[in-house]
Structures are given as structure tokens and as C-alpha cells.
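Structures given as C-alpha cells follow.
Here come two complexes built around chain A, the first alongside chain B, the second alongside chain C.
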Partner chain A sequence: MAALSTTGRPGHPDRRRGWLHLFWLATVYGIPAILIVLPLLTFLMFGFWSVEEGRILRDFSFDNYFAFAGNESYTRVFTGTLFLALRVMIINVLLGFAVAYFLSRLEGRLKYALVLGLIVPLLMSYIIKIYAIRGILGTSGLLNKLLIFLGILSQPSDLFLFNLTAVLITLSLALLPFTILPIFIALEKIPANYLEASADLGATPWQTFRRVTLPMALPGTVVGGMFCFVLAVGDFLAPELVGGTRGFTYGRLVFSQFGMAFNWPFGAALSVILLIVSLGVIVAAGRLGSPKWLRQ
Partner chain B sequence: MNALRLGQHAAMAALAIVTAMVFVALYAPIFLVALLSFFRLRRGEIQWDSFSLQWYGKLFSNEGLGQALANSLIVGFASVLMALVLATLLAFYVNARPGLRTTILQFVIFLPFLLPPIITGLSLLVFFSEWGVSRGLFTVSIGHTLFVLALAYRTILTRLQGLSRNLMEASQDLGATRWQTFRYILLPNLKLAVVTAGLLAFALSFDETMITLFLIGDTNTLPIRLFAMMRAGFTPEVNALVTLILVFSILLTLVIARYVGRGAIGGRFRL
Partner chain C sequence: MAQGDGRLQIERLSKNYGGVQVLDAVELTVDDGEFLTILGPSGSGKTTILRLIGGFTEPSGGRITFGGSDVTHMPIYRRPFNTVFQDYALFPHMTVAQNVAYGLVVRGVPKAEITPRVGEALAVVSLEGFMDRYPTQLSGGQRQRVALARALICQPRLILLDEPLAALDAELRRQMRAFLKSLQRQLRITFVFVTHDQEEAISMSDRICVINQGKIEQIGAPKEIYYRPATPFVATFFGDNNLLPGHLHHDRRDTANVDTPFGKIVVRDPRVVDLPANAAITIAVRPEALHIVAASGDAATHDNRFAGQVLSVEFVGATSQIRVAAPAAPDHPLLLKVPSLAGESAVRPGDQVTVAWRAQDCAVLPATLV
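What follows is the complex of A and B.
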């Protein structure tokens, strides 16, 4: 049971490096390697193959990537989806920061209840959320009724269902708890005496917010934004359920290659592009989220 | 100075309004669904005199729903069990040997959680089909295990790192063997974290749709069955099913929140 020591003490080499230890190492490295890395690599390979008469042709080529880059309708869906995810992210970071900041200023029971009220939708089934939101978007839905009641619209509009606006609203709402919570946690971790020190040194509340709170909440905000962007850019359930034919997104394009179009290699190539975008955002968020001055 | 106070109050009031609106937007659609599982809708108006439980009754005769629920539970328990064992082993390993290798290992196990589910699902689909593994509950369980692994791992690791090293050393100084230290010191201290991780993992698995969709083959879990029903449209029967699942989700969340604890929400709760 040498493996179970919690501290690898230098100068005290583990005494029993037996079978158990080997088994442990094999599990710890083997399972992620086989079930996470290997599938991703297989996937990468698939993107270089092609399909002919329903059979997969294992010849290495960049044809799938050229086919993507050369077809304007594909690239337009791609850039459109990137912008969509970007807009969802911006909306959610702004809204999320406002809500998280407000919650972090509260105290006691009310705060606990409201935070719990955010965790409930976080753990709620994603398709149920989409389904419920779809229910309020139609011409006779709650949103139209509200806008007419407020006098913003004079008659019901069909602008909110079966197009990209519907996808935007649905994704923003469904992903909002994912954005709020990391920001809230970051705000909660700011020591109260930092804020007091800032005030004691003569800073106005705005200066304290601008110079202390905002920089210290940055990592959580970046993480919240990242969650939101990555989940939005790859999603196909929301566009599938509320997008209609006009709300076509990249996720749906990928999905269709594995369904109707039945072109796995092309689908794999499209996903590799999505993978690169997502990894780029995750790594960038990791960098931005832990700036040098915070790491020390 | 008074103007400053006033400005502060105005800002907080504005934030309160935004927060209230966000909460309404988050909950109104869900309440509407629950409402429409009891009342009929005619020309966009709720008929308040049409209360009935018939749609809940209809669910019991819905073919395949019971099977889908059973499948969801099987997948949930299997993946929670696998994820907890793996997460515990990983947490101990990473905690014992910090360094570049474990940093990379951590990055890899976070991938299925961080990447869009469509990529995790599709890469496993391609992988399994290359190796001739036929799709079914087994492949779905593997997919869910990987998906929930990161959160389970993180929860256990955080607790492990929080345990003071003195505790371990005291135990060993007092003559306990490594096994005894593990059995009587580490395990009891980790129990809460493992239970929390298990509940969180189950909640995630129970609702997972996107990865499942690619790995399920021709059986169903509850969300997949629901997805098929939803494509047919907004029906009272779906509303009833959705309401039941929501009640279950909310109860599960409350249980998890109890475990994670009131104080933990401030500081220790981490994603």
C-alpha cells in the first residue's frame, strides 16, 4: 500500500514497488490513454480518410479539409456559429457578472437560497431546459405576450422561433448558470480585508471595484466565459429543437454527417476543426485565467 | 459623500433588478411546462378549469418509458461506480506526485468534461466501431464515466489536499501501519467527498444526452426517449414526463447541496 501515502517524501523511496503499484500506474495512465487519447487520435485519423459507395477508404489525404475550406456554405455556417457562440458568451458574461456580483454582496439565508436557485438549473437536464424555453418562444408564447403587454410589440412576432435568434436566446438562457457560478465563486474568494484595506486607503467604491474586485474576479470570469463559448459552439441540440431550417449551425452540420449524410470521415474532419477551436479557447482561458501576478 | 452612497444604492438596486429578471427567465419556462402538464392550453390561453392528472396516467402505459428509465439507472450506477474508483485512484496519484506528468494527466482527464460533448461522443463512437464494440448500455456507461470523471476527481482531490499532512504523520508516529492510516484516517475523512462526487456524477449522468445519442445504438435512456418525444412537438404527455424528471432533479440537487454544506458554497465549492 505504498501507493497510498499522500506525500511522496524525498529521500524515502517507496519500499514496496510491487504488483499493486504497477497495477495502479497502469490504471492511472492506461485508462485515460486508451479511452480518452486513443479515441481522439482515431478520430484525427478518420478525418484524413474518405468514403466511397458507403465504404470507408483508408487513404491519407487532406481532401476533407479542402472540401470544407472550398465550400462557401460550410465556411459560412462555421463563421456564423463562431459569432453566435461569441455573442452568447458576451451576453452571458455581462449578465452573469451582474448577477454574481449582486449575489456575492448578499448575506445569510437569502444568499444561500439564491445560490441554490442557480445550482438547480445547472444540474437540470439540458434538453428539458431547451424544451421549456421553446415553449415560451412561439407566436403565442410567453415572450410575445410579455412584449405586447409591455407595449414593445403591437402584435405577436414570429422572430423568436425557428431561426438563429431563437438559438441565441435558448443557448444564453440554458448556459447562463454555467457562467454565473464560476464568477460567483471567484468573487467569493476575494478576502474581505482586501476590500477594507482598499477603502481605508481612500479608494472610492468604484475604484475598489475597478482595481481590486475586477482583476481578482478575472480568472473565474474567464472560466465562465470559456464554458459558455465551448458549450455553445459545439451544441447541436438547441439548434435542432428551436433552430428550424434557418437556424443551422456547425454542430448540426457535424451531426448530419453521422446521420443522414453518412460521411464519417468528413464529419470527423469537421469535428477536428471544432476540436482545434475548442482546445484553443480552453488553453487561452487557462492562460488568461491565471495571470502571472495571481500565480505567485 | 452622500451622493456617493446614493450612487452605490442605485447600482445595487439596478443589479437586484437584473438578478430578479434572470431568475424569472430561468424559472418561468419550467413553471410553464409544469403548469401545462395539469392544465389544457387553448389558443395560447391556459384553461384554468381543465385540471387533470390524465397525462401522468398516460405515462404509465407509454411503452418503452419504463425500460428507458431502467436503462438510465443502470448507466447511472455503473458509471458512478467506475468514475469514483478511477477518480479516487487518480486523486491519490496526483496528490502524491505533483509534477509535469500529473499536470498533463489532469489536462487529459478534464478533456471529456471541457470539450463540446459532440466531440467526446463522436470520438468514442468512431473508436468503438473501429474495435468492433457494438453500441449499447456498455458503451454509454463508458462515455458517461469519462464525462463525469473530471468532476468526481476534482471533488475528491480538493478534499485530499485539504487534509493536513500532520494528520497522516501523527497517525504514523503513533505506530499505525500505512493500511491503518488509510483505513482509519484517510477513508473516514474522504467519505463525504466521495459521496458528494457520486451524487454529482449521478445527476450529470442521469441527464446526459449528447454523448449518449452517439453511443446508445438502438436502445433508449430517459433523455434519449424524451428527445424523440420532443421532436414530435409540445405535448401534455411530454410536459408530464418533464415535470417528473424536474422534481427528481430538484430533489437530487437539494440532497447534494446538503452534502456540500452551507459553508462550502462560499469557499470550497469548486467546479
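What follows is the complex of A and C.
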């Protein structure tokens, strides 16, 4: 049997395997094509159209992109949001690294109980989390009460809600687990042996951290930072719920085009710009996150 | 660090992990420039000794001194020792040159000095052309040599080696054995080498420390340990041995008669002198010391002989392993190793033979079989 089939004649079983193969190919490539690529292409197309008197005009033009680039209030929101996401990322990478490092140094059950505690919020509804944070940030919220209790404030402050700071705090809190987990996994994967070898060769704990731990955790840290940036830059729910009028972001701008402004083509064009930014960040992170030694 | 005297001294060193005694009051001295092997089965505590010397683990009790100064609680990075780890622990994010330079870089040695020293260290292990490779691009043997160069560049007084040859194939292991030994002689660095492989231990060491269940069984030169094992464990862990229980009868100074299930056996071992008369002892006889002789053979060359029946004959290449049981002691079949020579008249199971051996081939263990 085996000797016969190796001759490669297209017999009956081979043909059946062929159909099965086609079915799998269709599933593997077809589902993403229909569910991901097709909607993206639709968006791309919409971005070149325009709206007149509530009707979509299907004339190809770059007007939407020119309109965006030429309007300072749009570009200001755009750069402001990029900086906001950047700040969220920086805060979360620093905070996330500290937490992940602390977790990775723990031992036994406590470590995994705490990691589980990080995962639980990821399973909760995003809206519920934001409302919870909003409750904490408000004038009668936990944060104000705590600051008054500690004597730092004499009366409740409205600095923490309905502005960009509120968006910054909310996004940082909501996205922190996404940053901690990849860093934690990267730190966990560093064998204790390397740290021992480093100390054995005369490195102080700080030198070991800087020369072994940090570079080896870098790929995971880049991934954590990337998650954080990409999720923050496009988010519209958190700014919508805690941003108020002063906390306007690019995500809300896109959202408003599909809602109040009813300008789907312009919204689509703005989305495409966001997509390009996000893709750029992902590609850059991919480069940074796989240094030469990992690719060998 | 004290110059000249690089003696490592371990005093009553103990370690328990969660109530389990891994090391029990270990006493050990390693001389400057010595190649000492710590040999033991897995779980015997040999790696724990190494980790305590290196500073990777805190002892539960006892003291470690080096060159006269106490290093028991000295941080790892201040100890004048370097370690070659079992899986080499080369930093994957650094090239070979960066790995080797590491010990100098963290000590703040100027760059101009580092580059030539890295070249020298890599030359010692014949890896000059591999500077820019990453560890993943090297074979096991090459990684091993990089790990060695990385330890040597720090010019330590003492190198700790944790089963460094375990991951290599047999041929490479033989080569590395000779290389390590000659390197150690050349550089006059103290080597503390941990292994479970007795052949490795015999071929490389100045002295061997045999450890079992957290206790040192014997410390001595390879030949001493081979021919004069101190305990039944050493006698059987180190190659094959026939162990015979018996009671001692003092005769002359170092020669004595022993009552055994095989009858009276004459032994010659200097250690007999220190033993009380009628002490319960164990005799160890190497399989290669036993010979099959003609029944009417010359009694002068063989002090001991008995008649028995061949139970089994196993051809294992260079030697054949023969088991012979005496009618007086059917529970203690003796193992013989005889050279397999073509054309030699073969012994067959069931044959009646006479087995003989010399008194000086008997090692007297001042301990009974457990």
C-alpha cells in the first residue's frame, strides 16, 4: 500500500484529501477575509466618498483627507490624542513593569492569586469598569475622600473628572492589566540561572537587573506598551464617559461622524488614519520586540 | 583577598530545605590549586555544596572560609569564585564576546583592556573565530567552552563546575575531560567539580569526595577510593565490588583472618590494625581481582580460594562477567570479570570451578552491611 501511494498517482483517496484541503483553506483564509479584510476595504472605500444633503455621493476623491489635514481643530485633537495615548503608555509601562517585577519575585500561591486578580478585570464589561472608575474620580468619589482624609485637599476637587486628566487616569487604570501581563510573562521566562550567572561573574543586583533582566524582558515590555498605546489611541468609550466637554479625543471625533454629524465617509477616512497609526505602532513594536538575539 | 593561600575550608556545613536535611555537618578542605571532585548519586547533596560555596544558597549552619577569611555570608558577586553551570547559562541576548567580557564589564575594566583579554580567553578554549555568534548558534561543546572562558576571564582563584560535561556526547566528554585537566594544571586554579560519573571523577581528580545522603562517605585520591573504600556505599558506587560480611580475627599486624560464609578468608589491609578483635566488618573484593584457577593450583600466589558452581556467564565485550556461588554461601554469589580472549576455553553455567584471590585485594570496611 505504502509503496503504491508514494508513486503519487491521483487516486480516489487523494482526491478526497484534496477537497478536505480546499475546505480548510477556505475556512482559514475565508473567515478572516469576510470578517476582517472586507469590512476594512469597505471603510477604505467609504473614506473616498462624500456626503451631500444626507446622501452618500460615490465620487472618488481625497477631499476627506484634505479636510482633516486642513482643519486645525481636527489635527489638534489628533495630536492631542496621540500624546494622551503616549502618556498612558509611558505611565503603564513604568507602573506595569514595577508591578510585574514585584509579582515575578513573589513565590508560591500568592503570586498566582495576584495574577488571577489581574485577569479578572479583563473578563468584566469595559463599560462597567469605566463607570466604576468614574465613581472613584467624582467630587464625592473615593479619590477625593481619600485626599481630604490625608489632609492633602481641604475640599473636594473637580480636577479628576470630565477633562483629559480623567481620560488619562481611566485609560491607564483600565489598560494596566494589558501591560502587566506580557511583562510578567517575559520576566517569568527568564531562568534563575541567568541571574545567578550574572551575580557569579561579579554583577551587583542593580547591574544584573540592568544588563540581564531588563534586556531579556524588553520584548514583552514592548508588546505590553504596544497593547496599551493601540487600545488607548482609538478608545472612545472612556473619553465619552469621563472626558466631558474638555476631554475630547480622536476616538470621539470618529464616533461623532457616525452619530451626530452623520458623515460616514469622513468618519471612515478618520478611521483609516487611525488604522495607519495603529499599524505603524504594531510594526515598530514588532521590530523592537524581536531583537537580533531572539531571531537567531 | 589573601594572597598565596587559596585554601577553601568548609566546616560543619549544613543545609535543610523545609525540614529535610540535605547536608549534614560536612567537613571539607580544598587545597590551593587542587582538582577536587564531589561525587555522589543524584539527590546526595553534591550540588548543594557547590551552591553554598558559590553563594547561591544560604547555609543553615556551618562556615566556609577561603584563604583564611570567612565567606559564608558574602554576597555572590563579591566572592572570588566563578561557576560553570550545568546548562552553561550563557546570556542569550549577548554575543560570545559580550558573554565572555561580562565579568570585566561589570567590574568597570576599561574597554581597551577588555578586548585583548576576551581574545586571550577565547584563544584558551580555541574559539577565536566565534566572537560575534550568539549562544544559540553554537554547539553544546562550544557553549561549554564559552562558559569556561567567561569564568576564566575573571581570573578566579577557584572555579566551581556543576556537572559541566553531563550534556555532551560520550566522545566530546572524553576530549573535554582531558582538556579541563590540562587547563587546570596549566593555570593552577582550584577546581571544585561536581559529578555523578565515577569515571569522570577518577580520570580528572587529585582527590575525590564521595557524598551520599548529605554526608561525606570518604575523601581521598582516586586510587585510594578505588582500592580502599571506607564504606559499603563507596565500595559499590565506585565500580563493582563483591561485599562479604564477616568477623575479624587478629593475626599479624596488617594481615588478619576473617570468618565469613565462605569460610576463613585472609585479608591484608593496613586499616585492620585499628579495628578491635572480633569486630563485625565487610570485605570488599573487586571482580577483576578474582580468578578462576585449576583445582590443584599453586596456593602460594592466591591466599584465598573456594570451590563453587558457575551460575551465569555474560559476555559484555572486553570482559566476561561470571557469577559463581559457593555451596556454603548460596546467597552470596561472587561476580568475576575476566578478560574476553578469543580461543580461551569458555566457562559454562553449571561448571564446577575454583575461585582464588590474593589477601591484598581484600579491602576491609570498618562497617557492616546495612
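Note that the second predicted complex is superposed on the first by the 279 of 296 C-alpha atoms of A that agree within 3 Å, B and C clash if a C-alpha of one lies under 4 Å from a C-alpha of the other, contacts with A are read in each partner's own complex, and residues count from 1 in each chain.
The working rule: a contact is a pair of C-beta atoms (placed from the backbone, for glycine too) under 8 Å apart; a residue touches a chain by one contact, two chains touch by 3 or more.
Since the structure is predicted, the reported quantities are computational estimates derived from the model, not experimental observations.
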After the alignment on chain A, I want to confirm one thing: do chain B and chain C clash, or do they fit together? fit
First (chain B), second (chain C), both or neither: which does A:Tyr194 touch? second
Return first, second, both or neither, reflecting whether A:Ile152 touches chain B, chain C, both chains, or no partner chain. neither
Chain B or chain C: which reaches more residues on chain A? B
Given the touch rule stated above, what does A:Thr204 touch, chain B (first), chain C (second), both, or neither? both
Is A:Phe46 in contact with chain B, with chain C, with both, or with neither (first, second, both, neither)? first
For A:Val212 in the superposed arrangement: first (chain B), second (chain C), both or neither? second
A:Met260 contacts which: chain B (first), chain C (second), both, neither? neither
Superposed angle chain B/chain A/chain C, CA centres, nearest 10 degrees, is 80
With chain A overlaid, the minimum CA to CA distance between chain B and chain C in angstrom is 6
Hey, what residues of chain A end up touching chain B and chain C alike? 204-205
Which chain A residues qualify as touching chain B in the complex? 1-8, 24, 27-29, 31-33, 35-40, 42-43, 46, 95, 98-99, 101-103, 105, 112, 114-121, 123-129, 131-136, 140-142, 145, 173, 176-177, 180-182, 185, 188-189, 204-205, 223, 230-231, 233-237, 241, 251, 254-255, 258, 264, 267-268, 271, 274-275, 278-279, 282
Within their complex, chain A touches chain C through residues 191, 193-194, 196-205, 207, 211-212, 215-216, 291-294, 296
Chain C to chain A touching residues, read off their complex: 54-56, 75-79, 81-83, 85, 87, 89-94, 102-103, 105-107, 134, 136-137, 150-151, 154
Complex contact set, residues of chain B against chain A: 4, 8, 12, 15-16, 18-19, 22-23, 25-30, 32-33, 36, 43-44, 86, 89-90, 92-93, 95-97, 105, 108-109, 111-112, 114-119, 122-127, 130, 142, 146, 160, 163, 165, 168, 178-179, 181-182, 186, 200, 203-204, 206-207, 209-210, 214, 223, 226-227, 230-231, 234, 238, 242, 245-246, 249-250, 252-254, 256-257, 262, 265-267, 269-271
